[in-house]
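Next come two complexes, and both contain subunit A; in the first it sits with subunit B, in the second with subunit C.
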Partner chain A sequence: MKRPIYIFSDGVLKRKNNTLYFESEGVQKFIPVENTSEIYIFGEVELNKRFLEFLTQSEIILHFFNRYGYYVGSFYPREYLNSGYMILKQAEHYLDTQKRLSLARTFVEGGYKNMRQVLKYYQSRGIDELERYIQQMENLFGSISNINDINTLMAIEGNIRQTYYSAFDLIIDKDDFKFEKRSKRPPKNALNALISFGNSMMYTIVLSEIYRTHLDPRIGYLHTTNFRRFTLNLDVAEIFKPIIVDRLIFSIISKNMLKPEHFEQDLEGIVITDSAKKLFIDELEQRLSTTISVKNIGNYVSYRQLIRIELYKIEKHLMGEKEYQPYVSQW
Partner chain B sequence: MERFLDIKGHIVQAYVVCKRQAWLLSRNISPVQDNPFLEIGKLISQQFYKHDKKEVYFDGVVLDLIRKEDEVLVVGEIKKSSKKVAAAILQLKFYLYKLLKHNIKARGKLLIPEEKKTYDVELTFEDIETIESLLSEITEVLSSFLPPLPQKIKACAKCSYKEFCWA
Partner chain C sequence: MYTILVYDVNEKRVAKALKVCRKYLNWVQNSVFEGEISEAKLKKLKFELSQKLNLHEDSVIIYNFQSRLYSQREILGVEKNNLDRFI
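Right after this comes the complex of A and B.
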């Protein structure tokens, strides 16, 4: 099984003897290329074209993050799975307003249902006040079937998410991790910093999975395409953010794994320390490799495979074979 | 109708096992690359028969291997196991048919190095008929707008399209 590699230290990444090699102050390490699915770079790393060529040949994506943990960008190697047929289908569903709206609505629906599922889960564990938020989200969601433009749909999606986030203080109930309100770039408190970091990770995970399919990440449906940025991964991530990122955040906070020392105040806002990022990523990897049983597929699949399966479902929708139904968690 | 007439060998082979797979291949919807069975297959054809000419492009198809035996051209097809022998033999006959259309007489050899097995394959008159009717049948299936629905067959178990078909 191929695994992602995370690099936090500063150093040089290069190709050596047909494999990947990382050199940093006194540490030299070979990274087996056959077992690497993608590389995340958090430190200051030097690399050259020869290395990028080797990554292209080995079909490995490189994701870069800056010192604040913000996503910088990805080296997305030349596509190795090409299907002109699928690209045309993807464009067709973008250009036809009705087709685009119906897919965009499905992403909002998937996101909403999973957010509701998260709140219901905590409601079943005794937080009764959540009912009010669930109701409010339900009302908002009820209006999306009449919406005929993407911007309004996006706005409603935003409102649903706002309501959902405002329930976080009820679930977490810890002074060090108050939510207050959503703040980004820069996040104003530890919880917001965690959400931003987790979401960025989710976007890159979905992007990596898209690279392994015939879909083009530049054509998204809910998030506006301008054919320059990756957007399809943002669409699909909506579905998985609540059940993977948010549940993970609740779980590491409730287990007291994170302390105020894991966060630093910077001129620009709150910064997550490397040790907190590592801890988060460890837990995230564990979650992604957790297997669950899924109808039809027959056997147990991991959450990571589940993301890939979601992309296959979208491909089948584009082909006109089977209408896309987003994955909704069933705990 | 789009032009699907340049049918490739692997499509013929796939068609015999699973029509849906042939349809997907015709749209270049290739299977997941991280399937271990596919990787093993690739390694096997790299590993063996290093003295022969390999991966020869001919009229839109790729012949795994060619060599001369007693002044006769031999076309080889390398497979991992003898599980789907019938489909593999048909694929090979399809290559022989293509060569014949270009006035090249050849014999075929199905090679299964891991099992130390080889099968000699020759193109008969009946084969030519079978292949021609098969090709028109394939063309018809491939030109349909939707792929044939997935059906649970024995081959599904190790198929690299599994997650795609049942998603």
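Right after this comes the complex of A and C.
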């Protein structure tokens, strides 16, 4: 299977001998093109147009992150799966308020159900106080069926997520990783920094999968489409963030894999060091390649394939073949 | 599928073999490559190699494994190229 490559060193990325080549002080490495799905760049890397042309030809996406680990942007090569029909269908579902709302609602529903599933999982392991949060989320979710505009829907989604996050302290229960409250740009403590990093990884992973379908990532439904950003990947990531990123964070912390040394105090917030990023990505890749059996598919699929299947389900919904039902984890 | 590829190729063509293999598999040490590869890609690789090599003189051996599950990889001495996902 093709695999992603993560570049943390500083150096030059080139096309050489019809394959990818990375060179920096003391390191010279050929990367097999035929075996690379996408490249994540965290270091200071130089590259030229010839290299980008080569990536386009080999259909490899490039994701850039700045030195704090924030997502900067992607080199999204020319679409190789073109479908005017699908773009029209996507636009149709965006422009029709009812159709857009119903799709947006399913994304919120998927996110909510998976968040609840995470809390229920820890409840079944003996944290009884979680019941209160689950109840609160359920009440919030109950009101979404009669909402008629996207902004209120997003606000409710935000409230559900806030309730969910406030339950984190009960699950983690470690002094080095107190949640307190959600803070971003920059995160104010280690746990928030981890959540932010994990979420931005999730967005790029979904984006990479969208590139391999006919969908256009610029047309999202819950997140308003605007002039610059990819939005469809944000929508789909809502469903997978709780079951992939959050569960991963809990497991890394409970296994004591992360220490306070993995975080640094910067001017205003907390920054994750490269070694922590590598550790996190290693675990994330492992989780994504874990296979599970899923109802109605009849075979074992990995979490990465599951994301792709989710996109195909959205395609089917847009084409009017089958109503979209978000994936809900069964533990 | 996990594959290990080794070749013994005449000096005149060894650079060509190297360049073809680098596109598909990870270089491990001189004339040894390994990596995860799909069946279709392996077919492509074999075709490209047979185009570049003289099959009366050169020899390539390809070991295929369903997975790496029951294998163990041990290195004595220097690791010439680590196969990490990080660079």
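Definition applied: the second predicted complex is superposed on the first by the 330 of 331 C-alpha atoms of A that agree within 3 Å, B and C clash if a C-alpha of one lies under 4 Å from a C-alpha of the other, contacts with A are read in each partner's own complex, and residues count from 1 in each chain.
Just so it is clear, a contact is a pair of C-beta atoms (placed from the backbone, for glycine too) under 8 Å apart; a residue touches a chain by one contact, two chains touch by 3 or more.
Since we're looking at a predicted model, the values are computed, not measured.
When the two complexes are overlaid on their common chain A, residue A:33 makes contact with subunit C while staying clear of subunit B. When the two structures are aligned on the shared chain, A:331 is found in touch with neither subunit B nor subunit C.
In the superposed model, A:3 lies in contact with subunit C only, and not with subunit B.
Of the two partner chains, neither subunit B nor subunit C is touched by A:300. Legend: residue contacts after superposition of the two complexes on their common chain; A:22 is shown touching subunit C, with no touch to subunit B.
For the contact definition in use here, the subunit B contact set and the subunit C contact set of subunit A share no residue. Across the complex, subunit C meets subunit A through its residues 19, 22-27, 35-38, 41, 44-45, 81, 85-87. The touching residues of subunit A, when paired with subunit B in their complex, are 2, 59, 80-86, 212, 214, 296-298, 301, 305, 308-310, 312-313, 315-316, 319-321.
By the touch rule above, subunit A contacts subunit C in their complex via residues 1, 3-9, 17-19, 22, 27, 29-35, 278, 281-282, 285. Of all residues in subunit B, only 27-30, 32-34, 145-147, 162-164, 166-167 touch subunit A in the complex they form.
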